[in-house]
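Two complexes come next, and they have one chain in common, chain A, joined by chain B in the first and chain C in the second.
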Partner chain A sequence: MTTTVAAPATTAPAAKAQVKRSWTQHGLLFVAPFLLVYVAFLVWPTLLGLRMSFTDVNIAGSNDRFVGFSNYAEAFGDPRMWRSLWNTLVFTVLSTVPLVLLGLGLALLVHNLRFVQWLWRLSFFGPFLLPSAVVSILWLQMIYPPEYGLLNGTLGTDVLWLGDPGTAMWSVVLTTVWWTVGFNFLLYLAALQSIPQHLYEAAAIDGASAWDKLRSITLPMLGRTTALIVVLQLLASLKVFDQIYLMTGGGPEDATRPIIEYAYDVGFTGYRIGYASAVSYILFVLIVIVSLAQLRLFRKRAEVSS
Partner chain B sequence: MTKRFSVSQLVLLVVASVLAVIWIAPIAWAVATSLKPEDETTKLPLEWFGSTVTLDAYELVLGTGGIITWAVNSTVTAVIVTFLTVLFSAMAAYGFARTQFKGQRALLGLILAGIMVPPQVLIAPLFAEMVALGLVDTWWAIILPQVAAPLIVFILYKFFQDVPPELEQAAFVDGAGRWRVFFTIVLPLSRPVLAAVSIFTFITTWNNFLWPFLVSTDPNTMTLPVGLANVVQGTFGLRYAQIMASVVLAGLPLMVVFVLFQRQIVRGVAHTGLGGQ
Partner chain C sequence: MQDPPAITRRHLLGGSLALLGAAASGCAIPVGLGSSQTRVKYWHFLGASDGIIMNQMVGAFARDNPGVFVEENVLAWGEPYYTKIAMAGAGGRSPDVATFHLARLAGIGAGEILDPINVDLLAEVGLRAADFSPPIWERAHYQGTLYAVPFDAHPMVQYYNTDLCGRAGLLGADGKLRPTTGADQLLEQLRKAKEVLGGKPPLVFDALGLGTVGPWRVWYSLYPQSGGTLLSEDGGQVTIDDQKALEALRFMRRLGEEGLCDPTTDYGASVAKFTNGEAAFLWNGDWEVTGLKERKTPFSMTRFPSVFGSGAAQADCHVFVLPHQRDRDPEVERATYQFIAYLVKNSADWAVAGHVPSYLPALQEPDYLALQPQSEYRSVITDVALDPQVWYTGSASRLWIEFGGAFSPVISGERTPEEGLANAKAALSRLMSAPNPFPAEER
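Let's turn to the complex of A and B:
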């Protein structure tokens, strides 16, 4: 290090090598902390769950012996598993349609309004910031009760809402739409703001009406976002648990029990962790299929943006 | 865009106002109920205001103490989860985007695959693991699984890939080491995206129910949503003003934060929700 001043010609290659080394150094150390937590609390339980689904293990960890596919065979012959899987799919369809369409509608509405943007955003997105327990207790205790609830009191109706197997699922969906539509609303709002303004200006010069602009500029430009929102919504809805567990406990007459609640029931109140794992992994397969579409869309967006 | 006040603007305004009133009504009803004397909460026909406005319900709820303990637990766990998630994910994302090591592609693939694994299907094995580790009823049981969030790594990885490397290159030439470059140049440069994922992580952790619910049986370790669900319904019986006061108190913190930091939160949620767009 005595020649630093004198010889730029000789230190240049050394510096270059140093820079190159800097780029490749310590890579694994950067990744290690996350990797440790990730392997311990995501990869390992995923493998453990798969193993458990082939055993009869109970919640105390005993009786841990292999039973082959018998948990899966039992699940596929279990009417309550089918009922809860069906409920999950029904909830997914019933909730995804209004959550996407209403999210889009609200975003178009607010995007085109020129006053008090913050107030609209707070109104429609606000409920999303409430914990599921808050939402569920509020609707269960003060909105849905048939006698003194806000809903029947305001509408002048006499509906049992959560208490009737015919309306319980619709009521759960209604609460879910109120609670979470703000998320899709925000995603759509962000997408609307990123549509280049000059497209609209060009259309205006051509004399396009508001309806023309919506149909031939706005909606096509939202195509990719919509695909992503639909996939994200399907995934979120397939995983439904909190608000159903807290509002109906799965009833009345199993009319609302989703499959995650069924896995919870057999595992944590029935103590059959092996069987619970098998039930969970049936849902897991469904979710992986939808997630593959999600990953593709994330990747596509990455390619488009770069 | 024309700035004049048109008929169509008026129509949109009316529609939006009606919808906003509907959306606010349930929350307003919770607040109204919480301010009524207890014996008027189920009076028919329904009235928005009781004979007097009283804070009795809030006094009683805060006096019993549970809700304050849960709020502290929620805050501490959400802050730790957010800090660890962002720090570990940023380091990992940087490692994948900017360094080379053996097995890098395979590890990145392993982490991307994890985006498809919903924590909800892991409750049984994860609980068994926590029992084996002796962590049930501790903050760590609540915290650790939530730090394993591969989506955040993915978002930050994409971000770092798009950052031009010249600044770092210059710092290396000046003799700065890898870690100094990361902490003094890369992280400060990434503040907006780090804020976005932090906000998203904090909100999801603060509101998480299923996992904290499974690993806390002791009311002293419960988070706000779990404590509320477990204890309020059991002990408060039919005291609706108190139940609604708890609901309002539990919902309030994030609402206040939202009003204060609306722009950042909207951007943070949209950016992270769309997978880093």
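Let's turn to the complex of A and C:
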């Protein structure tokens, strides 16, 4: 699971046409290398994928006759597509809530702990630096094995963490939270450190308690960061694939298969690239909806604050 | 508030360059071969202890053929292997030869992903149709064209610990396991072994885990014994006999319920437990012989027990295929056929790995007949249950993984046999209704 942070959009200055043209001339030249790569590796494949979703193309690139919307029709009538889409949504909800709340909690804790701060920062952020394969194998081979795993050994239980449809998704979420909470933690910590100290001083003079300060200063001042974290987290969680593929392969009984793995399964092991493209575009639409909702949300906030 | 650690632009650039350098040197392809050698790229997935034998055979070929360098590339077994073959064949820049499972031939798009075998070149290196087991040779064809050179068959077999079975009084006067017939005799045998083990499950097999296919292998050994089939001859109709299918599943559940098999062992754990003498029986393919011998486990092997009638056992076959290449170098091609012929003609060496040769002359060789315990189960070769010949079957296919996933919770009791069968049948009908990615009429 990787998180990409979009660069802030440059707003064109409302200036004279003369100035604008020269910006275009120089600017285009500067962004040309990026644009070239962007078009070749993002725009073009996106369009190609859309085209593929209307054909029955296989992994060898043959059999690419146009089939209209039949891939989409098949996908909407495919219980496993719905199941995997549902799994992705369940994972998104189950992981986003603790990842945001825990990130905030840890940041507050570290911010207020005034000794060996670097150690806390390192401990909470450390797992985020591990590649998904390392994290998955660590949990799969050492923590979750039912017979000799650390978790059953510590708790004295006998749970098939990844083998039982009832616990598998929770286990995946637990691993993910441990792995990626550090990123949200870091964003919150940075935001906490940029809250002006004088607000707290003023509050202290007014006799505010620690709880009042948290409720009336800290949390409101973190509002924008929270919005950012929630959106980044939603997008990252919707893209879940690595750890589930590596830890459960989508099982048991399809209880954890996310929609990206379903697209991978029908495309790369089932050799049906056309159908896999259609499934991918269903997720694509979902992500676009979330992004649009986020844009609206941010715009409203901006209006309110201005 | 603390300042963030200062990273100057120079540091960043220097660091990135160092990283790039490390990445570049890590990707370098090992060269260092004589320029006069013909290089044959060979992919296979033989990662169990049969991989040790394959590596020795490739080494032996190199000693006998100094003009050819075989670059052996061992990839992970299973679905990812077949994805890689498909991708390599689709791109046309693929390995010169690859090991493959015979039952996957119908689903790979032979003709697109795989190139046909040149029968003339094959004759030139001394291999003819008459040299191979006829049903296997026939299945190496797809729509009348030969796409694979058969190498072996690898049935499900029963490994048994001679020490534990001896203490349980299960061995005959000749020191071999007394064969059982029917469910009751097998259960009785397992109960005796359980006593010797102090109540621990005496039987292990791949019963659980990521993409497990073990439950399918066991079921497709038991179910065909009573004459059960999956699909009609043309692959168009489901022909599962519910009574017989449930009978086999209930038997598997009973093994789990009575603690006669361990439902919590995955593939690795099942082999490890048997190797360490923590279990008296292992149901697995025939490929773990070498590893068990190396670790000095006191063991022997025999045919999969007959429970419901015949002595059928699930099996697939290893074959050699030529993934599609846009430009095949004639010299490399000749060397490739030489290499294939060398391996096939030395099938008796390969049989050391446990597999039953499909090259008939090897079956008569005294070397093979003297192999112990590998020749103990060779009679199964007429009773093997191969997958139905449709596009979604074969080793590590969707069918295996779906059925494995449906039956694994039956063994542990999380699902009833009826639920397991219903899930498997639902999966089968999904697979049947999905379109073949390589439709036959295209070619």
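Observations, loosely collected:
One rule holds for everything that comes next: the second predicted complex is superposed on the first by the 265 of 306 C-alpha atoms of A that agree within 3 Å, B and C clash if a C-alpha of one lies under 4 Å from a C-alpha of the other, contacts with A are read in each partner's own complex, and residues count from 1 in each chain.
By definition in this document, a contact is a pair of C-beta atoms (placed from the backbone, for glycine too) under 8 Å apart; a residue touches a chain by one contact, two chains touch by 3 or more.
The model shown is predicted, which means the values in this text are computed figures rather than measured ones.
By the touch criterion stated above, A:Phe268 is placed in contact with chain B and with chain C alike.
Looking at the superposition, the partner that touches the larger set of chain A residues, chain B or chain C, turns out to be B.
Once chain A of one complex is fitted onto chain A of the other, the partner contacts of A:Arg80 are limited to chain C, with no touch recorded for chain B. Of the two partner chains, chain C is the only one touched by A:Thr248; chain B is not. Judged by the touch definition given at the top, the superposed model places A:Thr226 against neither chain B nor chain C.
Applying the stated contact rule after C-alpha superposition, one finds that A:Glu147 touches each of chain B and chain C.
In the superposed pair of complexes, A:Thr167 makes contact with neither chain B nor chain C. In the superposition on chain A, contact is made by A:Gly61 with both chain B and chain C. Judged by the document's definition of touching, chain A residues 59, 61, 147, 268 lie at the interface with chain B and also at the interface with chain C. Every residue of chain A that touches chain C in the complex is listed here, in rising order: 56, 58-63, 80, 117, 146-147, 160, 163-164, 193, 247-249, 251-253, 268-272.
Within the complex formed with chain A, the residues of chain B that make contact are 8-9, 12-13, 15-16, 19-20, 23-27, 29-30, 33, 41-46, 84, 87-89, 91-92, 94-96, 98-101, 104, 107, 110-112, 114-129, 131-132, 144-145, 147-148, 150, 153-154, 158, 161-162, 169, 172-173, 175, 177-179, 181-182, 203, 206-207, 209-210, 214, 224-226, 228-229, 232-233, 240, 243-244, 246-247, 250-251, 254-255, 258-259, 262, 266-267, 269-271, 273-277. Those residues of chain C that touch chain A in the shared complex are 1-2, 79, 82-83, 86-87, 89-90, 107, 109, 112-113, 208-211, 264, 269, 398, 405-406, 408-409, 414, 423, 430, 434-435, 437-439, 442. Touching chain B in their complex are the following residues of chain A: 15, 18-19, 22-31, 33-35, 37-38, 40-46, 48-49, 52, 57, 59, 61, 106, 109-110, 112-115, 118-127, 129-134, 136-139, 141-143, 147-148, 150, 153-154, 178, 183, 186-187, 189-191, 210, 225, 228, 232, 235, 239, 241-242, 246, 260, 263-264, 267-268, 273, 276-277, 280-281, 283-284, 287-288, 291-292, 294-295, 297-298, 301-302, 305-306.
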